[in-house]
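In the two complexes below, subunit A is the common chain; its partner is subunit B in one and subunit C in the other.
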Partner chain A sequence: MKRAPARAAMLGLVAGLLLLVWSFPVLWGLITSLKTERDVLAYPPVVVFSPTLANYRDVLFGATTILPNLVSSLIVAVSTTAVTMLLAIPAAYALARLDLPAKRATGFYVLATQMLPPVGLVIPYFLMLRGLGWLDTYHGMVLLYITAALPFAIWLMVSYFEEIPREMEEAALLDRAGRLRALWHVILPQARGGIAVTVVFVFLNAWNEFLFAVVLAGNRVRPVTVAMFNFISVEQTQWARLAAAAIVAMAPVIILGLLAQKHIVKGLTVGAVKGGGRR
Partner chain B sequence: MQRSHLAAEERRFALALFLPAFVVLVLATTFPLVYLVWNSFLRLDLTMPWVSGFAGGDNYARMLADARFWHSLQLTAIYTGATVVLQVLVGLGLALLVMQIPKGQGVLRVAAILPIVLAPVVVGLFWRTLVLAPDFGVADFVTRSLGLGSHNWLGDPQLALASVIAIHTWQWTPFAFLVILASLSALPPDIYEAARIDRASAWQRFRYITLPLIRPAIVVVVILRMMTALSAFAAIFAATGGGPGTATEILNLYAYRASFAELNIGYGSALAVVLLALTMATAALLFSVRKSA
Partner chain C sequence: MSGAGRIRLIGVGKRHGSVVALKDVDLDIASGEFFALLGPSGSGKTTTLRILAGLESADEGRVLLDERDITDAEPGARDVAMVFQSYALYPHMSVRENIAFPLRMVSTPADEIERAVLQAAEKVHIGHLLERRPGQLSGGQQQRCALARAIVRKPRLFLLDEPLSNLDAKLRLETRVELKKLHRSLDVTTVYVTHDQEEAMTIADRLAVFMEGRIEQVGTPEEVFAQPKSLDVAAFLGSPPMNFLPAKLAGRVARAAGQSIELARDYGAEREAVLGIRPGAIRLEASGIPAQVYLVEQLGESAIVDLHVGETLVRARVDRRIRVREGETVNLAFGADDIHVFDAASRQRL
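Presenting the complex of A and B:
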């Protein structure tokens, strides 16, 4: 009985420490982004300072603006998401519910494509896109992004389609509605939540992608993850501006992540849970 | 007759739905991989395009004698092994601790999302500048305050490897934590009753009741964390670029640097083929372990 308060205090301490450690870079980045470059370099690190929004003004509208890069990221991420979903939804439905020939093998093939090391893809893509003159273009970049997004989206959607009760579509089929109409009018509305979560994940991954972006990027198409390096050079690091740019670039994914919070675990474990098991 | 006709029709419908994605996957992933393997047999050096041509197994022969390759392979093993073990142990420990907290688990679950959703390249940059930079970084502030002195966290070869392992572990432990916590929360509380009556110790309860029940979750965590660690790139690239020298140059980084910094695409392709084989073998091994588990 006597040990209870000590135990509670210890657990509280652990929880507090965890909160601090996990949110630290975002919090510290936020604080740094509000400092002047001089305050950043103060030792010991200062916590009390007069905050400034100058860094945000600089990275959004100044000479070092990342606005064009944000636009690049947005175009690439949205296009990747749209094309991926268009292909993944019907494919996932066929895998989850229909009598697809060689289902086991095709399911395994999709899973295998999800496990490919990205560096193994980016090297041949660099040569192919260079040959086509597609380096530094949106369609070239989206094509490469799809290689990572599509297998993932198919598997995630399969897991959502499997949750829909079979009776729903059987009822629709009895109405002679036809397969396609049953899919459109009965299944898709049921899978709305799963589609939303998949869209969030595909967008998030595309927004955060770096290796593909850094190899294919040029002056026209330069996603924000690559533009981050503008603030670092051998001579000088612009700490506060880098922090401001990082906060701006990460704001969309942090918001999306918090919104989709409950589904994160499922989204991240898809494939391993299903793959190689039943299918 | 009617039945088989319907079945054939359904199969056609299924194919029509699946085929577009399948064709794109074959053209966008499998075909480039075949091209990658083909390139690995070429002499393809963008700094000397005039000597390009078929080279047979030269790239692979060169690899066998390349100390830098063996070093990168060793680093890949250390990096993957260390990050996965750390994530599982720390994640499991934290999940068990947090299960004891009666209120406020929700806040921790939300906070755990933060590292996961950040772009690894941003995480690498954050750590490089704000945490691990000598003199200005928080890590230095802490060690100096504790009287342990200032360290060149990313400039000293051994510290650099430990640092990139720490960065990866920081970013992905919340994932192990969340999956294991979800698995623990799903366990029915009454399974412990009998054990308590039998006066089983806390360790015995964990070892013989909890652990076997959450084992599937742990296996899933190991599989996924292993795959992520094997394809890790952006955080290391941002934090150290593979350096100092080749101190943090895992196979991924080496294949990238050989192809795009040294512009020897033939050799870079061969390195990537080895990585591909390694990844696929690991995946096959893990899935067969999981099936027998």
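Presenting the complex of A and C:
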């Protein structure tokens, strides 16, 4: 017991260090976004400077506004997330509950699709979208993102559904709920932690995607990641504006993360069922 | 008797893959009866209950509820309520919402739900816990909540899957009595699955003993205990279990463990048999079959005495006032009526 305070202090120190390492880029970005371009390029870096909101004014309301691009990103990310979840929830539930012969193999296949380097898909995707006349369209981009997000979302949620005891829907069926209402009233509320995690992941991936967006879209559909790329040009990189745009672009994801957090509570099913197996 | 809730199973069979879970099960349960499905694990009793609930489908045979064929009916269309071994309470709902759920699913008016929930909760003494979540309840309270959810509507049939197995010993005895009272006050046909023979004996009006996917015997607890139809049923019922002695029958006399034993009736020509004698039927007397005391287990009211009769081990339940010491030689006696005679080959009662 004597060593406990020292141990706690050590843990705190290590945690603090890790936090610093992880948050450093964000903090640096935040600081950069408050500097003038001159201060950004100053060498050695200036620690004391007079902060300015000019960069934010420029990226939000100036000539280089990213507001339309934020809207673009939002349309793509929200549509991708909505359609993915609509398809992934029933699919994951079915996979979790049905005794399919190739369940394990399917799981591996799903993971395998994630192992493919995206850059290898750019050309085939380009040809396909061009064939459909869907280049630089919202439905084209959303379709693309869904193909990547759907297997991952299903794979992620299957494990959450599998954790919910089968007796739950059996009880609901006997309580005259029927399959769909059993899913809605009994299963989904218990899986909401997993659903929240999946929503955050899918949204995050669609929001941050750059490669496909820059190659397969970029004019009519111009998400914020592509717009930010504009701050980097051959003659000059506008670091301060880029940093301000990055901080602004982070905001929706952070808000979503905070909203999701209260649903991501472990141990919600504790006390639901007692004892082990049946038969 | 409410006149509803009569169940009949006709030739019901079920396979799980290549394993035969149930084979040719016939059962007739009267309305209002408290009926126990008793058997060791894997004997098919839970499968039978799940087929009654509609959670599993019968591969063969028919299930009738009040003469209506419900073999292929959905669980929700059967008007049955079930208490699961695990209770299966909805963890994200309060006790009140849990109990109200079956009524909410059929669009019952709110004031009616309110009244029914209170009534059901009061009946199982959890009226003060309505706002809690299942996770905040003790095991016994969770079990009551599951009961309340089942009785909140008046089902035709009430199914209980080992409802007491997760309670501690004292609570189990109390709840057993309460279940019996609850059944009387509700007057709903109740089918109760248990592997605990004592539980089934004390609680059920009638019971069916399952062995390896078949029903071995159906009857009142007294009947099944007094007249077990087979060696397996005889061995399963009673604690400590019945003593078995391999014997040779000839007329009214059996030769077992080197002794001649008088039987209650004439069993005809000579044959191989097994004699069964319950430990409680054995008396220690001045004269009888000599046996050596091997071990004495004191139970308080009585004692279990392990005895050697020649090579064979025999257990007797004797009054605690009878003093026996280990190593001592005593004499065993029992009435001819207390001897159960089974055929050695078919294992059936003779």
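Everything that follows uses one rule, which is that the second predicted complex is superposed on the first by the 212 of 279 C-alpha atoms of A that agree within 3 Å, B and C clash if a C-alpha of one lies under 4 Å from a C-alpha of the other, contacts with A are read in each partner's own complex, and residues count from 1 in each chain.
Here, contacts are C-beta pairs under 8 Å (C-beta built on N, C-alpha and C of every residue); 3 or more make two chains touch, one makes a residue touch a chain.
Since the structure is predicted, the reported quantities are computational estimates derived from the model, not experimental observations.
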First, second, both or neither for A:Gly193, with subunit B first and subunit C second: neither
Which superposed partner A:Arg181 touches (first subunit B, second subunit C, both, neither): second
Partner chain(s) touched by A:Gly218 [first = subunit B, second = subunit C, both, neither]: neither
If touched residues of subunit A are counted for subunit B and for subunit C, the larger one: B
Contacts of A:Pro165 with subunit B and subunit C, given as first, second, both or neither: second
Partner chain in contact with A:Gly62 - subunit B first, subunit C second, else both or neither: neither
Intersection of the subunit A residues that touch subunit B with those that touch subunit C: 268-269, 271-273, 275
Complex contact set, residues of subunit B against subunit A: 7, 10-11, 13-15, 17-18, 20-22, 24-25, 28-30, 32-33, 35-36, 39, 94, 97-98, 100-101, 104, 107-123, 125-127, 129-131, 135-136, 138, 141, 145, 170, 174-175, 178-179, 182, 220, 223-224, 227, 230-231, 233-234, 237-238, 252, 255-256, 259-260, 265, 268-269, 272-273, 275-276, 279-280, 283, 287, 290-291
Residues of subunit A defined as touching subunit C within the complex: 165, 167-168, 170-178, 181, 185-186, 189-190, 268-275, 278-279
Footprint of subunit A on subunit C - complex, ascending: 41-42, 46-47, 53-55, 74-76, 80-82, 84-92, 101-102, 105-106, 133-137, 139, 142, 149, 161, 165-166
Complex interface listing, subunit A residues touching subunit B: 7, 11-12, 14-15, 18-19, 21-26, 28-29, 32, 40-41, 43-45, 87-88, 90-91, 93-95, 98-101, 106, 109-110, 112-113, 115-128, 143-144, 146-147, 150-151, 154, 179-180, 204, 207-211, 214-215, 225, 228-229, 232, 237, 239, 242-243, 246, 249-250, 253-254, 256-258, 261, 264-265, 268-269, 271-273, 275-277
